[in-house]
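Letters A, B and C mark the chains as written, and numbering starts fresh at 1 in each.
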Amino acid sequence: MSDDIAVVWGDGEARTPLSAFDAALADAGIHNYNLVTYSSVVPPERSVTTVGQVEAPYEVGTPVGVVRAERESTRPNETVAAGLGWIRAREGGVLMESDAGSAAAVRADLREKLADARRLRDWDWAGDPELAVHEHTVDRTGAVVVAAVYGPLAEAREAADGRR
Amino acid sequence: MSDDIAVVWGDGEARTPLSAFDAALADAGIHNYNLVTYSSVVPPERSVTTVGQVEAPYEVGTPVGVVRAERESTRPNETVAAGLGWIRAREGGVLMESDAGSAAAVRADLREKLADARRLRDWDWAGDPELAVHEHTVDRTGAVVVAAVYGPLAEAREAADGRR
Amino acid sequence: MSDDIAVVWGDGEARTPLSAFDAALADAGIHNYNLVTYSSVVPPERSVTTVGQVEAPYEVGTPVGVVRAERESTRPNETVAAGLGWIRAREGGVLMESDAGSAAAVRADLREKLADARRLRDWDWAGDPELAVHEHTVDRTGAVVVAAVYGPLAEAREAADGRR
């Protein structure tokens, strides 16, 4: 796996919301790691790439840093949507999470959040916001997830070492 | 402490839910670490052992990775129950969390979640699901916790190094 | 930045609660890191210092361990307050989080939680509890945050190495 931050997504159905979430993580290829939630800043040296699904890049049980948006529902026929949006600058980037009852609502919310994030930072912005949004109509108990995979916590340390 | 993932549990009472949770962590022996929540996968080389309580295996303030289930209540005489269940395969293992109003409800929920987790992974499963469930009847403000202690975040990195 | 744990605070306004929280983090100087939540124990060798705001001590996107209290509201003229309290002993220290509708309520809650935390540990306590509380009256959508910044996850490992 390259040094890019991989944006992945998935949906799933199961008998409980937690199991449906597990199924959605499996659909995205990240169900076999110990996910640790990051608050959502992109280091300047890393790109963000939408890949949809990762194929077992790390060993089972590896602690992996992620930014994620998710939504679960136990109501048949309800739509669940989640998404991430990001915007880059020379100094770094910002990721925003959103979940709602439709992909359109997630997109509108992400655009608003990214505009706010941009206003807040006096950075040299490059390019337009990018969005990755996924929606799912619930059969019985369903979940949807979109995640930005930063990679193993261990490598965050190696990167820090390399900069010294 | 061995390389096993230790499953511990405890309950506590205090004047606020957060303090009751702190007391429950103390009862389990993990109140003096900085707990970082993992999403619940077991690496293939590690066993899971129910030990009930750990006795100060790390220095105060060490960041420690855990999977945990908890429940608090401020209603006297209410029962709070939490539990973890896990199932192992040659490729690794899966832990599931649950909390409910009784140990029986937690057990039923965990069995369902583990069956779903198993269906989701094409792994070479070994043995039956194992459960660790703890319940507590609230006196004034009470909490119950069950946690799987993976150990210091630092050692996750050393393990990763060792595998290279 | 010294080895002290820095307590910072801020408030912010934006069009969504998440963006207002981002603005509050910016006000505290910690909006450009990937915050990882710790459960709130202070190692014996570290001091806790109230600094209000940090000035870019780490590179953008660094995973940083924090204990935090926050509160958001979308109701104009509502007051949101958050705070941390801590107490030190020879063996280490304990931080407690609180949020409420006023700084006075946060302070009362923190004192109660710290008294409980102290009762729970048979430690050689030194000094009185210290509190850092911040409140904000919402204009449209507002947030307040108080955080204890432990520093990069990476350095937690170096400290662990150093102790061996």
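Keep this in mind: contacts are C-beta pairs under 8 Å (C-beta built on N, C-alpha and C of every residue); 3 or more make two chains touch, one makes a residue touch a chain.
Everything quoted here is computed from the prediction, not taken from an experiment.
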Give me the superposition rotation angle from chain B to chain C, based on Cα atoms, as a multiple of 5 degrees.
120
When chain A touches chain C, do the two copies use mostly the same residue numbers, with over half shared, or different ones?
different
Rounded to the nearest Å, the gap separating the Cα centres of chain A and chain C is 25
Send over the residues of chain C in touch with two or more other chains.
36-37, 153, 157
Write out the stretch or stretches of chain C touching chain A in their complex.
12, 14-16, 18-19, 22-23, 25-26, 31-37, 59-63, 152-154, 157
List of chain A residues in touch with chain C within their complex
36-44, 46, 65, 67, 91-94, 96-98, 109, 112-113, 116-117, 120-121, 150, 153, 156-157, 160-161, 163
